[in-house]
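Chain lettering (A, B, C and D) follows the sequence in which the chains are written, and residue indices restart at 1 in each chain.
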Amino acid sequence: MSELEELYRRMLVIRRFEEELAEVKKLGEVPGSIHLCIGQEAIPVGVSALLLPDDYVTATYRGHGWAIERGSDLAGLFGEIMGRASSVAGGRAASPYLSDASVGFIGENSIVGAGVPIALGAALSCDRLGGGRVSVVSIGDGAMNQGNVHEALNMAAVLALPLVVVVENNGYSEMVRIEDMVRVTNLAERGAAYGIPAETVDGNDPVVVARAAAVAIERARTGGGPSIIEARTQRLVGHYSGDAQHYRPAGEVAAAREVEPLVRARAALLEAGRDAAELDAIAAGVDREIQDALAAARLLPLPDPTTVMEHVYA
Amino acid sequence: MSELEELYRRMLVIRRFEEELAEVKKLGEVPGSIHLCIGQEAIPVGVSALLLPDDYVTATYRGHGWAIERGSDLAGLFGEIMGRASSVAGGRAASPYLSDASVGFIGENSIVGAGVPIALGAALSCDRLGGGRVSVVSIGDGAMNQGNVHEALNMAAVLALPLVVVVENNGYSEMVRIEDMVRVTNLAERGAAYGIPAETVDGNDPVVVARAAAVAIERARTGGGPSIIEARTQRLVGHYSGDAQHYRPAGEVAAAREVEPLVRARAALLEAGRDAAELDAIAAGVDREIQDALAAARLLPLPDPTTVMEHVYA
Amino acid sequence: MPEIKNLSYIQAVNHALRWSLETVPNTVVFGEDVAVPGGPFGATKNLHRDFGVDRVFDLPISETAFLGMALGSAMTGLRPIAEIMYSDFLFVAMDQVVNQIANIRYTSNGKWGAPLVIRTQQGSSPGACAQHSKSIEAYLAHTPGLRVVCPTTPMEAYQAIRTAVVSDDPVFVVESRMLYPQKGEVQLDAELWPMGGARVVRPGADATIVAWSRTMTAALEAGEQLAARGVDAEVVDLRWIAPLDVETVADSVAKTGRLVIAHDAPGTGGFGGELAARVGERCFGRLRAPIARVTGIDAPLPAAPALQDVALPSADRIAGAVLETMSA
Amino acid sequence: MPEIKNLSYIQAVNHALRWSLETVPNTVVFGEDVAVPGGPFGATKNLHRDFGVDRVFDLPISETAFLGMALGSAMTGLRPIAEIMYSDFLFVAMDQVVNQIANIRYTSNGKWGAPLVIRTQQGSSPGACAQHSKSIEAYLAHTPGLRVVCPTTPMEAYQAIRTAVVSDDPVFVVESRMLYPQKGEVQLDAELWPMGGARVVRPGADATIVAWSRTMTAALEAGEQLAARGVDAEVVDLRWIAPLDVETVADSVAKTGRLVIAHDAPGTGGFGGELAARVGERCFGRLRAPIARVTGIDAPLPAAPALQDVALPSADRIAGAVLETMSA
């Protein structure tokens, strides 16, 4: 299987997971709101292709894709989001704050930017405990305006820690445009303020993302310190499950659908000689995987209310 | 009187105030610690030369010079710092947190960086209420690593507010060197991250500072948005009153004394033809002013303990 | 004839903000998604359209900077109303609250003031994670210099915001997300209410229940349950956390001899402790049973509804606590 | 033979940190001015020299980032000990405390943990401004998931830090700047103490005084004053705010029937309210007088000593409150 084909399959897993989740949400099986990464799959997939099992990943509320790429159990993820006694976080965290220690997933974070200082801590462990491990953190474009991110970037540079900061620039923070909230064209321009190598890449191409990640991760593994990768992308859906997207100009999403990662990867694969049936078979396989996981999640029990006070302390 | 001569005199006022304060502290008349701006006088003097009475100034705990330049009553300042019922803040604020609404002095701040968001607010008022007023805020080099400063700089740029941020880069944050705490050579390099014009200037020359301030303040007054001025300087004394400065390399302070603003200004004035006696007369006048203020402060009563609950609320 | 409308809580908030922009000079409204989008919950709907971008504007995700901006602009002539989207997010900007906004009047000896309003909303909802479900009034209550109100009805919300906007003190209006859809009558041209004051919502003789914020719903329901069982509970809405109206509560307890305090925030260190301490002192010798507290668990709030159900005060639990004080 | 030294409180802290670096694997110490300078108060003196820059290092003035770093590194194998120079500065990093550090064990269903220590110091001193004089224990106490200790003597400080460092929970060691110079005997090779537990420092029969942090000094002095007037006060050092040892306090009050709680933090919303509420509940019917609180004023703390003198609990005021409960 070619590199792209594998990346394509992995993006499909995330896409189908998210789509299925949207359906399950409509059925009333998901309490609370969910923030889907539909359209942004190339980023977790491209970056994670370079990661090893004992690396660490930190993400945001829009982090299902990162958890999946880390190798979290799909049924456990569905279950967690559906408020069940999941293998992931027992139903305590839900969609926007889940974590999974078993796969080095530091977790999502629902406080904008707050994951970066935490990922910095994981990078400190990687550095001090040895083994060439790295800590990757994903944030959104809007998060670049939070003080916590600024502080952590500077500190990562000063301590030369193995931290890779991935900025998934989807152009929006909730309902406002990033160009109205900063006075730089590319967020990667901020790297210079910290002395951190930074580049802006096409976030809808997993191969491009993987190439940038390879450089950054190699730099981190070999003591070269932090990097910033700004990956340009678009979300094809609302900020959260109930978002009517009135704020998006007409045609924007339709145009985005033309250049979204799965459409592009499929076209590239066809171009490279794969036939459609082959790709459909991959999709069917992914679909089964997702359906099985969802079915398994539906069998998970609800959390036992008598356990509500467990794990506040060690 | 020439521009430099007036600037020299004003620097002398600050210098003598601070020196006298150090003496008074030694005499046990000042409770708590004080953070003197000795060596950095050219910065408040150079910037304030361009300010009008209804502009706003915000500073740090090292802000006596800024308060003096704003026109705060010298006796009131001494009294405030000495824990007396002063005209400045009634003894409630002391050396590191004093403010003076009567002269548009938003105040010092003892939380590193926290004055910048507040000064941003004053800039918002300047903008929305009209009149071409500006808000100036002084911070230290170390404050550039606080999240609050980052957020406020970006916001000032986005809102194009009349804010002038003066970074008094004295090379140290308490006992650590700025070059160990950032990976840029000049802090002004960070301006680009916000799209804010920024420059690094000689902070020991009040004329140079005034020139930079003129540009920044004019920009602010005319709707051109914020600016950053990094003024390079050195403190000739400890971070605070009890600081033995073990962390400073041998000879550093001695070398700094050769190029400090008052020495340089005096030399320049002599060079320009002023004679020493003239300058000594200025110094003597300043000295009297300071002595008178201190004498007046010593006559101020202690705050009345029965007023302790006043002014918590309006 | 008074102008009375049937409005949801969030609509009442919108009306109060509109009133402020129309009536109180130099009012500005800012926060995240408050302008063009009209607010994540619709609180600021159409205000940007009607009052323009100079007065109603969106900001980057920089709460520290914009609460600082609220302070600095309030000191210098504006009357800012800032929105913190979820009360949990206040913690990223807590320095500006605790060390700046709360201090300035006192530390300037009254020469500066901070006439600003910070609106936020709190409480848990099904599926909300621990970072979107805190109830924060106790953190604010322990910070002298602030005023804090937790409105529970559309009319209360309308009046609380108006009172806050004309106040020369910094006021936190802590709204309740769970109550946003609830409707009620709002008299738009009502006189302004003074700041402070609890309200006896349900008079009763046997026991006193005090609650605030979302928990009032459970408290009132408990009152009904108890009535059905022949226990006549007096239910008091504390409303203002600061200034605190202990008198109304103490008067009620002097009458009933029994007190149950309910709130969603964790019990330990919650504001219920303060209230219990004060009433315990005032009503010493007049209490017929120990003061009981029914509160959120001493844990971060779990997201799964199955766990949330036992994590927060319910009408059942409040009624149960009252019955226990009756048998004490 | 036990190894006993006469140390100041700050020296005891230094010894405890040294013990941690020597004994507990993967311990790291970081903060502002803690490495080469040895700490603003000397707590980390020579640790950088003896353990190297990888384990003891200085950081930029970025408290949010470094508390987050403490959390992330604690989750992944290190045992960080972070220093927040003044407790007031914690508010700039409060999100990492309230929304991150306190949550992670619970929200991960026990799969992640945060074995970290945050040392800070609190309290007012003459001339200190309102931004350098907060007492913060109540904010922490209301945040489930944290452990909080306020040591009052060199030996307490030494043991509290050691207990904190080996704990798998996040522990705040809230030291007292005013007590730093005070000397006392420290047994360096003492067994570790378990976490929690108040201590009866002065046994007595007539009334109970509970205090913690700096205020213990005033409480003990009040005990002496009262003894001179024939009142035999029992003085309890609460020590751990979380976990809280109500039993020791309640046992004392069951005996004396009278309770005065003293702390420097503002009274309203202070931890004294919580304690009063708990004891009020437990000792209902056994109290001979209302529980009294002697606290810092409900205001930002003023800098001038003339104002500070009346702003904080003194031995006189505490003794006065006890006498009042005696005559109730």
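As a working rule, a contact is a pair of C-beta atoms (placed from the backbone, for glycine too) under 8 Å apart; a residue touches a chain by one contact, two chains touch by 3 or more.
In this text, all values refer to a predicted model and were calculated from it rather than measured experimentally.
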Reference chain D; chain at largest CA-centroid distance: A
Separation of chain A from chain B, taking each centre as the mean of its C-alpha atoms, in whole Å: 45
Interchain centroid distance [CA atoms averaged], chain B/chain D, Å: 36
Between chain C and chain B, distance of the C-alpha-averaged centres to the nearest whole Å: 40
Centre distance in Å when chain C and chain D are each reduced to the mean of their C-alpha atoms: 30
Junction residues of chain A - those touching two or more other chains: 90-93, 97, 109, 111, 114, 145-148, 151, 154-155, 158, 180-182, 312
Touching two or more other chains - residues of chain C: 59-60, 62, 64-65, 88-89, 91-92, 95, 99, 106-107, 129-131, 144-145, 297-300, 302
Chain contact topology (line, ring, star, complete or other): complete
Contact set on chain B toward chain A in their complex: 145-151, 154-155, 157-158, 180-184, 189-190, 192-196
Residue numbers on chain D that touch chain A, as the complex places them: 26, 28, 54-55, 57, 59-60, 62, 64-78, 80, 95-96, 99-100, 104-113, 115, 144-145, 147, 167-169
Touching residues on chain A, where the partner in the complex is chain C: 30-33, 83-85, 90-97, 109-114, 142-143, 145-148, 173-176, 180-182, 246-247, 302-305, 307-309, 312
For the chain C and chain A complex, residues of the former touching the latter: 32-33, 36-37, 40, 58-62, 64-65, 88-89, 91-92, 125-132, 297-300, 302-307, 309-311
In the complex with chain D, residue positions of chain C that touch it: 64, 88-89, 91-92, 94-95, 97-99, 102-103, 106-107, 129-131, 134, 138-139, 141-145, 242, 244, 265-266, 268-278, 280-282, 284, 287, 289-293, 297-300, 302, 328
